[in-house]
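You will see two complexes here that share subunit A, one where it goes with subunit B and one where it goes with subunit C.
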Partner chain A sequence: MLTFALRRAILGLLVLATVAVLVFVAFRFVPGDIVNRQLEEAGAVTPALLAEKRAQLGLDEPLPVQFYNWISGVAAGDLGKSLWSGRMVSDQIGAALAPTLQLSVLAILIGGILGIGAGVAAALWRGTPVDMVLRVASTVFLAVPQLWLGLLTLTALAAIGYFIPLPYRGFTAAPLLNLQQVVFPAAVLALGVAAALSRLTRSAMLEVVGADFIRAAHARGVSPSGVYLRHGLKNALIPVLTLLGTQFGNLLSGTVIIERIFNIPGLGNLLFESVANRDYPVIQAAVLTYGLITILVNLAVDLSYGLVDPRIREARA
Partner chain B sequence: MPLQPSLDAASARSALLAVENVAVTYSNRSGSHEVCSDVTLSVGRGEALAVIGESGSGKSVTVLAVTGLLGAGGTITQGSIRFDGEDITRLDDRERRRRGLRGRRIGMIFQNPSRALDPVFTIGQQLNEALRQTDRFSQPELRRKGTDWLRHVGLPDPEEALDRYPHQLSGGQRQRVMIAIALASEPDLLIADEPTTALDVTIQAQVLGLIRRLQRELGLALVIVTHDFGVVAAMADRVAVMYAGQVVETGTVDEIIRAPRHPYTRALMASLPTGIPGTRVTALPGSVPSARSMPSGCRFHPRCPVAVPACSVTRPVLDSLSESRAMRCLLEEAPAS
Partner chain C sequence: MSPLLERHGIKALDRLLPALALGASLVLPAALHAQEAPHHGGKVTINIHADAPNFDPLASTEFAVHSRLGLALSRLIEWSTGPEVGYGEFIPKPGLAKSWEISPDGLTYTFHLRDDAVWQDVVPVSGRRFVAADVVATYEAIREGGVQRGLLSAVDRIAAPDDHTVVITLKRPNVVLLQNLAHQNMWILPQETFNGGYDRNTTVIGTGPFVLESDEPGVATRYVRNPAYYGRSAAGEQLPYLDEVEILPLKDLNARIMAFRAGQIDIWFGPLNLTQMEGIKQAVPDLQDIQTIAGNQTELYLNPSFEPFADIRVRQAINLAIDRLALGEVVRGGGAIGAPVGPALTTQTLPEKERIALYGTPDHEKAKRLLAEAGYADGLSFEFTVLNYGEEFVREAEWIQQDLAEIGVTAQIRLVDTASGQALASEGNFQALFLIMSPFAEADEYFTTHYLPGGNRNYTKVDDPKLTAMIEAQQAAVDPAERVAQIHEIQRYIAANVANPLPVWAAVLLHPAHARVKGWHPMMTQGFPSLPEVSVTD
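Up next is the complex of A and B:
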């Protein structure tokens, strides 16, 4: 088990390193840099001034040197300073991380419970109107873009005279206010997750419900909830967990646009602004953070297989 | 506990389980098929009944009808099933559980122990589900009782086996576990649907011996499904022979084995396995007709070596020949070969 976790951790680091290279290189090919943007605002642009500014920020060095400077800093725990505001990047990431994590964890919880619940219900009431309604709903929510659903939610809330209070407050500072701000974007993100999960849970449950051990559990007098939720769901859970992991990745990318729409000062908002400003150190750190979260979630999903199925646990031992 | 082989008609009347003229139909979108048409059999307390017949003759469907586990689309369309005097023909799942017909009064062992045990729960967890049918036990009590049952069925290291998962046991051990689970809720009737077909030949006799011993010790009624007359002789007091969804002959094991009278029973006995897997002395030509295309008249007539023209027209009924014996054949006086 330990060696398995270790192997996965090393693999995760390799993925993270690849992400670092890709994000570093990719954004250097996007035309325009921060110096252009700053001087545009100032008004007077002379080639000499540009060169001087670039030299100040270290942007005149060859790319490999810049990369080396950055990555050695990262390895030592120093994410550098924002080219735009001069603040420590680690401070900015730290402040933005909490809202994003709260939003995505809340969304995956809501989506997981809704989706698995709907999938189990659809399987047990297969062919009935319940099943029909749930299947149509999941198809609809799978097809609707999150951006559109987010805007629709805001419009609908405004139409009934409800406005989400602003500005954003953290959960520890003002729990009630924070929940009012977070619950709608979380629900928007959760619907897509729930839609995908419910379809898979339904088919996985249908497969399990026909198994001999389900009939045998009935025969020894296990209650219906025991048969379907204990025996049925636990056996159907492996593919569902896998999907939950990949859905978390989708959800995380969804947070970028949803944070923007709902004014949540998370990683997504930070990334949005830093891209607009070509603020390379911030962009790179934000993308790396997303990568790290994704890798950790996948690791957790992989480890959870062993908790569900003893045969997988043994194969890894 | 001594066995009481009171096999007379009086015991049949006070039978623990009485299945009478039961028909079972499976229906789905593409239509419905009557897979059992006229099943009549009974088992008294402490008695062992073997149900024998070729593959597809409706043996499993019959015992599933008794436990109400026919599955999607399956219904009992005719006849009645009585258990201990109660009519249980059309009870729903909830009512069956409430009356203890699942586990506490009727235990069931399935054909394939590897598929009948849930792979992601320990043996102990599954055994506890059965133990809890009888009483509310504390965790230590459950453990002690679970260990006792596993020891009873001859599992090595019973205490450790509680924490094992099904895949960590051999096929024979798994079937022993299934037997322990079926018996742990202390039923009056044990139903075993081909409990050894999925097992290694060398293990089969051991597991059958175990079932027979426990059945006698605990004074259980037993219904054992098989397609092997060797099993019938070793395990049962009485036999019901099934063909194409009907019982065609019943009687005591002695009577049937010494003097089979229905042409199908005789053909089936003539094709006794030789002991070498896959080989039979005389193969019965043809196969069981499907529910879609039942022959007219006697269902066995197309394969019957002694059929007369009337057999393809007239449907024979299950006639009593003596107190213990009944047969479904127009040629009741057919000579024993």
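Up next is the complex of A and C:
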């Protein structure tokens, strides 16, 4: 198991390194830089001032030098300073990470419970109106863009006279207020997750419930709930867990828009603004953070297979 | 009705309605605010749709920085505000300078500083008295490395003969110096910040009406009343009236609208169109519907390095193709036709009748004749780079595209984000470029940036010695009426001989505020200059 985990961790590091190179190079080829933004409103700017500002920020260095400076800093644990704010990038990422993780974990929890529950229900009541409704609902929520759903949620809440309290407060500072602020965006994100999970859970459950071991469990006199939940669902969980891992990655990308709509000062908001401002160190660090989270979640999912299925645990051992 | 209006489906009454609505909205708020006496206390919340990256006024011209700084800092000279002052009208008012004199040759400005101003009680300045050395240190730092250094380019020397006097000597007469000192980027800082005494990226110490209490990016910027503020109302009352101000950085437009409807925002700042305003008014019927002409206007740059645009007849043909009045009414729902100096500067822009004659009288037959004379009888095609400033702005570009098609000119729109567009503009890497100009508060700023060689907005490399001489002459015109006449003449010269960039439209700008807010007067400068006199009714 340890060897497996190490192998996956090394692979993850290679993926991160590739992401680092790609994000560094890609943004250098997009026209415009931070100096354009900083002096956007200025009426009296000379080309000399523009050049001076670029030199101050190290943007006049050749690209390989800029990359070396950045990557050697990252390797030493220094993500650098924001070109826009002058603040330490690590501080900015740290501050933005907590709201995003809270939102994502909450969304995965809500989505997981709703999706797996709906999938099991649809499988158990296969062919009934319940199954039909759940399948239609899952298709609808898969098709609906999160942006639209977010805006609709805000509008619907306003229509019933409820407005999400402002400004944002962290969970530790004001738990109740914080939950009021994150539960709706988390629900918006969760609906897409739930839709995907319910479809997969349903088909995985249908596959499993026809298997010999389920018939054997019935024959042994195991109660129906025991058969479906302890035997059926457990065996159907492997593909569901895989999907949960990939959904977490999708969900993180969804936070970029949802955080803006719901005023959550998270990583998505930070990335959105740093792209608009061409704040390279923040863009690079934010993308790396997203990459790191995705890799860690996938690693956790891979490791969890062994917990769910003893055959995988044995094979890895 | 013009065929172009018919084509775009406009009825005559529809054309009048926005103008009537704008007129009514300009008059009604003043009437509604026949005020009860303001009282001290309370809090207002304002939205600014961006975070302040830092608080160093010398590092960037970012509106999110300077809008926030204005609550805590002061300038030597301030903008007058009030119901009688127009949004773009600069009337100098004593700030940290209580009075000033100008020498007869226009070269020496002597400022007498107030002796009742003290710095806010924040270490290391800790409430010490404001002195002339602070002004000198700030202006010298700006001249040395501030992004706003161009505003002091005419300055030769700055001296402080005593603690309450500053003397600025110019290299050449420049009548816009007072306005430059009142510019939205010209905040006075304590001298300690230039000696390494504190980090102005994170710490704000000013002499302004409010003290910065906290700034949480993405969450809120909070201020409390500065009890030692020098400002007094006309009735002699201590300012500011408010105890607290909170700025919320709400970045999504719909979220801002919801927050305003909920009363979580008292004063609106930033983009909003008339349709959205109608929606808000239904939810908040008693709001203050304050509307002005925007300080910025849309402009169409035609790059002469692209062969057809090197011929002024082609540029004039394009000018004649665009039906700006219909565009403004349909796309923007109101506003004013542009000119080389934007229409928000009511005394310096050309009179409306003349603006309409020069830029608002489309003539497609004449445009086609000009194209034929220039050798483009069969029309021409170009790449039309459009900065993505939002839906309505892009619709303006599409309207222009449609108008140009009427004279056989094909504009292929290339939409780019603003940072990319700014880079393409400054590199001259475009054939035609459509953007929104910064909200300049002085005709001289339009002229020096757009038409002087090396100007920051001279994207089309205008280099006309006669025009340069005219621009320099107006800078030295001491008599205000004579200067306005010169400014008008320069614009006529530009229309006839340069025709680049082509001004298009200045939208109507909406500044809704909740009824509980009294004394609020938006001005075309950052920092909310009327905020010290704002009070709330509850």
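Keep in mind that, in the parts below, the second predicted complex is superposed on the first by the 317 of 317 C-alpha atoms of A that agree within 3 Å, B and C clash if a C-alpha of one lies under 4 Å from a C-alpha of the other, contacts with A are read in each partner's own complex, and residues count from 1 in each chain.
Convention: contacts are C-beta pairs under 8 Å (C-beta built on N, C-alpha and C of every residue); 3 or more make two chains touch, one makes a residue touch a chain.
Being a predicted model, the structure only gives us computed values, none of them experimental.
Q: After the subunit A overlay, clash or fit between subunit B and subunit C?
A: fit
Q: May I ask you to decide whether A:A315 touches subunit B, subunit C, both, or neither, giving the answer as first, second, both or neither?
A: Neither: A:A315 stays clear of subunit B and subunit C.
Q: Per the contact definition in the header, classify A:L152: touching subunit B only (first), subunit C only (second), both, or neither.
A: neither
Q: Using the touch definition from the top, say if A:L296 reaches subunit B (first), subunit C (second), both or neither.
A: Neither partner.
Q: For A:L176 in the superposed arrangement: first (subunit B), second (subunit C), both or neither?
A: In the superposed model, A:L176 contacts neither subunit B nor subunit C.
Q: Would you mind checking which one, subunit B or subunit C, touches more residues on subunit A?
A: Of subunit B and subunit C, more residues of subunit A lie in contact with C.
Q: Given the touch rule stated above, what does A:L22 touch, subunit B (first), subunit C (second), both, or neither?
A: neither
Q: Please work out whether A:H218 is in contact with subunit B alone, subunit C alone, both, or neither, and reply first, second, both or neither.
A: first
Q: Kindly classify A:I113 by the partners it touches after superposition: subunit B alone (first), subunit C alone (second), both, or neither?
A: Neither: A:I113 stays clear of subunit B and subunit C.
Q: With the superposition applied, I'd like the minimum CA-CA separation between subunit B and subunit C in Å.
A: Result, nearest C-alpha distance in the overlay: 48 Å.
Q: Same subunit A residues contacting subunit B and subunit C, which ones?
A: Of subunit A, no residue contacts subunit B in one complex and subunit C in the other.
Q: Over in the complex, which subunit A residues touch subunit B? Could you list them?
A: 211-213, 215-224, 226, 230-231, 234-235, 308-311
Q: For the complex, which residues does subunit A have touching subunit C?
A: So the residues of subunit A touching subunit C come out as 30-33, 36-47, 49-50, 52-53, 82, 84-87, 92, 95-96, 151, 154-155, 157-158, 163-169, 260-266, 269-270, 272-273, 276-278.
Q: Name, in rising order, each residue of subunit C that touches subunit A in their complex.
A: Interface residues on the subunit C side: 50-51, 53-54, 56, 59-63, 145, 147-151, 153, 185, 201, 216-220, 246, 248, 250-252, 254-255, 258-259, 261-262, 264, 283, 416-424, 426, 429, 438-440, 445, 448-449, 454, 456-457.
Q: Which residues of subunit B touch subunit A in their complex?
A: Listed in rising order, the residues are 67, 69, 71, 93, 97, 100, 102-104, 107-108, 110, 112, 115-121, 126, 129-130, 133, 165, 167, 178, 181-182, 185.
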